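Some structures are shown below for you to check.
You will see two complexes here that share chain A, one where it goes with chain B and one where it goes with chain C.
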Partner chain A sequence: MKIPQGSIKSRMKDFIVRTYLGRKDAPLGDGDSFLGEGIIDSIGVIELVAFIQETYNIKIAVPEIIPANLDTLDNLERFIIRKLSGL
Partner chain B sequence: MITRIGQLISHAALHRPGAAAIIEAQSGRMTTYGELDRKVGIMAAYLCSKGVVPGDRVGLLSGNSAGFIAAYFAVSRAGAVPVPLNITLREDALIRQAKICGIRAIYHGRLFADRAAAVASAVSSVRFLFDDASGPRSGGVREGGGGGAPATIIFTSGTKGEPLGVMLSHRNILSNAAAVAAYTGLCPSDRILCVLPLYYIYGLSTVFSHFYAGGTVIIENRFAYPNIALDSIERFRATGFAGVSSHYSILVNHSDIRSRKLRTLRYMMQAGDAMPATVTRSLVRLLPGKKLYLMYGQTEAGPRLAYLEPRLAAAKPDSVGKAVPGVTIKIAGKRGECAPWQVGEITARGDNIMMGYWRNKRATAKALKNGWLHAGDMGYKDDDGDIFITGRLSGLVKIGGQKADPFELERVAAEYEGVAEAAAVPVPDRLLGNRLHLFVSPVAGAKIDGKALKDHCVRRLADYGRAVDVSVRASLPRTGCGKIDKNTLEGYR
Partner chain C sequence: MKLCKNCVLPVGFPHITFDEEGVCSLCRAYKGRSAALGLRKEYTKRFERLLKESAGKSAYDVLMCYSGGKDSTYTLDILRKKYGLSVLAFTFDNGFIPERTYVNIRNVVEALGVDHVFFKPDFNIVKRLFTHTLRHCPYPAKTLERASAVCTTCMGLVKYTALKTAVEKEIPLIAFGWSPGQAPVTSSIIRLGPEMVSAMELAIKAPMKKIAGGPVDRFFLEKRHYAAAATLPAFVHPLAFTEYDEKKILACIKRLGWKLPKDVEMNATNCLLNPLGDEEHIKRYGFHPYALEIAAFVREGCMTRPEGIRHLPFRKDRRLLASLRKRLGVS
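Here is the complex of A and B:
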């Protein structure tokens, strides 16, 4: 699956600001921690995982639900690219 | 004898100053009872030096932290009334609560300085903001109460989105803490992993009951990653865990709990909403030998009213058991107390029942009648006297353990341009217990973008706005007398 450069991050950002911040223009930096900034809670992470699985047709295993994969836009982009590459 | 909640700390500090009161899991930082007592004293002196007097209401706007707990008890030691504020509320709702209470000062956590300042600028009674770095100042602390002032005020939702400030006295809180400590057998070596927000009574009550026993509260703010929470149970040798049903559903379905031993864990507490029987049975199977307490309560009861004996959890997963020590529960029908299996309203009496709602005589009179709390929940007792909850009288819906008001959602949706009518119905959800499905119809010629309408709702509602799904229909069905037919709408889902 070929993904255009930057599209993962913008799609994830759109989902997160719409779902958790409630407006399109909410400030959210690529390195901002969703947890540290109080943006996302336990239900939110489960919703985020479901959204990624559905959007990119990938399966995320329980051990992969960790901040290093999911807690910033940068981490999300790296993680999704890695999954799509089958690594 | 402990008669004020502040004494929970000073008593432990006197007898076991080096014992851990709080551990912050992320940093591993421990605060002993001695240190906590000193922090509370310094902050209380600061508040007094700033003119806070007994009976004043002081808001707390912060995530869970040792600082929040110190500030809560400092406000109390200064004789004032701590009012925890829900950090997920939108600014206008926070302002409304601050105005209702006439809040005098606001403690804020690191991330909430801007929102606290916005509330302060809109509420004339707020004189100053403070945080962990505030003080110390010279001057003593005026111990003692503020006359008939409550020990705390906790906001809950009434019907039609009306915020109600539940006033709990020192006796309310301490009697309930003692009851919880007694039926769970808490002792000084107990350590609860606290993932529940402390602006709700359920979270606060775990602090009260564990401080009552001289135990430890482990603050874990990373339950979003449930395996981290399990790591913390093991790392900090937690003996207890408290959550709403979605916490347990996440642990069962989205964590590696199956491969964990959790050797130190002795008890798990569940309350806030009804836990699906499948989740209860999974927990019993996955964690044999751990006690699972299925509990029932509400803010107005400080909060605990009933619990099911852990040995019955698998056999009666839909029951909330019997009244906690010191509480009497009756199922009230039209002709007095109901017989077993007869459905009526849950009513309760005991030292834990609230003083009333802050400056709201009408709502207080509706909830408290002849010393009995009318809980607003329907239910029945079986032949053993175990209680089963069957629904709510008020129409409020529990989403992720929090009360949500379909009427409030309808009102917010109706403000959106082009909406002619709006109706919200609850929908069962595996993770959250319920979601709300909003149906709207447009005014003639208007076009409604469902996604944009959802954004509008998320911006204006508390956290539960996320759990809203939207459908746009040309028109909404009607009953014979012309009302929107919600029963039919439920069939549209």
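Here is the complex of A and C:
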């Protein structure tokens, strides 16, 4: 699956901003921690995982639900690219 | 206050838009009751698979966070009667449990044949936390859509004291009585690893520590809990994938000896503090903290729109609110 450069991050940013920050122009840096900044909680993590699974048709296992994969836009992009590459 | 023409969500609710027909974006995005039923069936199967995997591995199959309210009582009934589980009922006493609720808890655990423990934290600590969070929200803004900040404080304490207890007793599941309107069915089974749970715990614990200091630590997990648990207990809220009919629920739990306490709202039948949290929330944010839940009930067909509208108005009982403020020492 060929993903255009930057499209994962912008799609994820759109989801996070729309769902949790409410305003399209709300500031969200690529390295901002969703948990540390209080942007999402446990239900939010599950919603985020469900959104990624549905959007990219990938399966995310419990051991993969960790901050290193899901806690920032940078982490999300790296993680999703890795999953799509089958690594 | 203008409400969605389909559910009861008020205009001005965060993140929600209304179209020219006065229908909210949640109703427009709703995929219909048959899709919701399909999801409920899918999550029932997932829950049953989880039970098969974890059955018989501990003295208790599940720790039930049992507030003594109508929804957690009904959930306890389901866990015992429908699934035949060995349950440890766990009640976090926040200092605002109505007297009748203690009687209800005793009647219900005896009728259902479950072991039960109370956890009563030092009231001076919870008082500081409640007093602060009545006026300020130190948690993610999203939480304010689902509950008042004071309720989120209490729920955070319930969640992590229960988790600590479940890890210590090696109980594989923790159940809550969250209604289908309080959290979506897609989040009704939450399995997370220690790293993620630890990060989430910190998001709740850090603001609490700023408010009440080091003693707060004892309500949360220690390194040894994370190290001891090969996998942490999963969180489940079975009412999200169960038919929810308030009249049937009340009839069912009445048979267990449950009666509605005085001075409580139907939205929170276990806690006297709730009206004060609601009042402050409405004053500050302009919408009822139960609006999202009641709107989901209407959308899902658990109650009619007129019933939903009847659940929403805030009943201002000045005598009760004054006594709650006095107990918390706030003006």
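Heads up, the rule we're going with is that the second predicted complex is superposed on the first by the 87 of 87 C-alpha atoms of A that agree within 3 Å, B and C clash if a C-alpha of one lies under 4 Å from a C-alpha of the other, contacts with A are read in each partner's own complex, and residues count from 1 in each chain.
Please note the rule applied: contacts are C-beta pairs under 8 Å (C-beta built on N, C-alpha and C of every residue); 3 or more make two chains touch, one makes a residue touch a chain.
Note that this is a predicted model, so its numbers are computed, not measured.
Engineer: After aligning the two structures on chain A, examine chain B and chain C and state clash or fit.
Structural biologist: clash
Engineer: Quick one: classify A:P63 as touching chain B (first), chain C (second), both or neither.
Structural biologist: Both chain B and chain C are touched by A:P63.
Engineer: For A:V45, decide between first (touching chain B), second (touching chain C), both and neither.
Structural biologist: The answer is both, since A:V45 touches chain B and chain C.
Engineer: If both complexes are laid over each other on chain A, which piece of chain B (39-47, 57-65, 111-119 or 129-137) hits chain C?
Structural biologist: 57-65
Engineer: Considering only the contact definition stated at the top, list the common interface residues of chain A for chain B and chain C.
Structural biologist: Residues 18-20, 22, 35, 38, 40-47, 62-63, 65-67, 70 of chain A touch both chain B and chain C.
Engineer: Can you check the complex and tell me which residues of chain C touch chain A?
Structural biologist: Against chain A, the touching part of chain C is residues 14-15, 139-143, 183-184, 186-187, 190-193, 195-196, 199-200, 202-203, 231, 235.
Engineer: What residues on chain A touch chain C, complex-wise?
Structural biologist: Contacts found on chain A: 18-22, 35-36, 38-47, 50, 62-63, 65-68, 70-71.
Engineer: Give every residue of chain B touching chain A within the complex, in rising order.
Structural biologist: 63, 87, 111, 195, 221-228, 246-247, 250, 254-256, 400, 431-432, 451, 455, 458-459, 463, 465-466
Engineer: Show which residues of chain A lie in contact with chain B when the two form their complex.
Structural biologist: Its residues touching chain B are 18-20, 22-24, 34-35, 37-38, 40-47, 49, 62-63, 65-67, 70.
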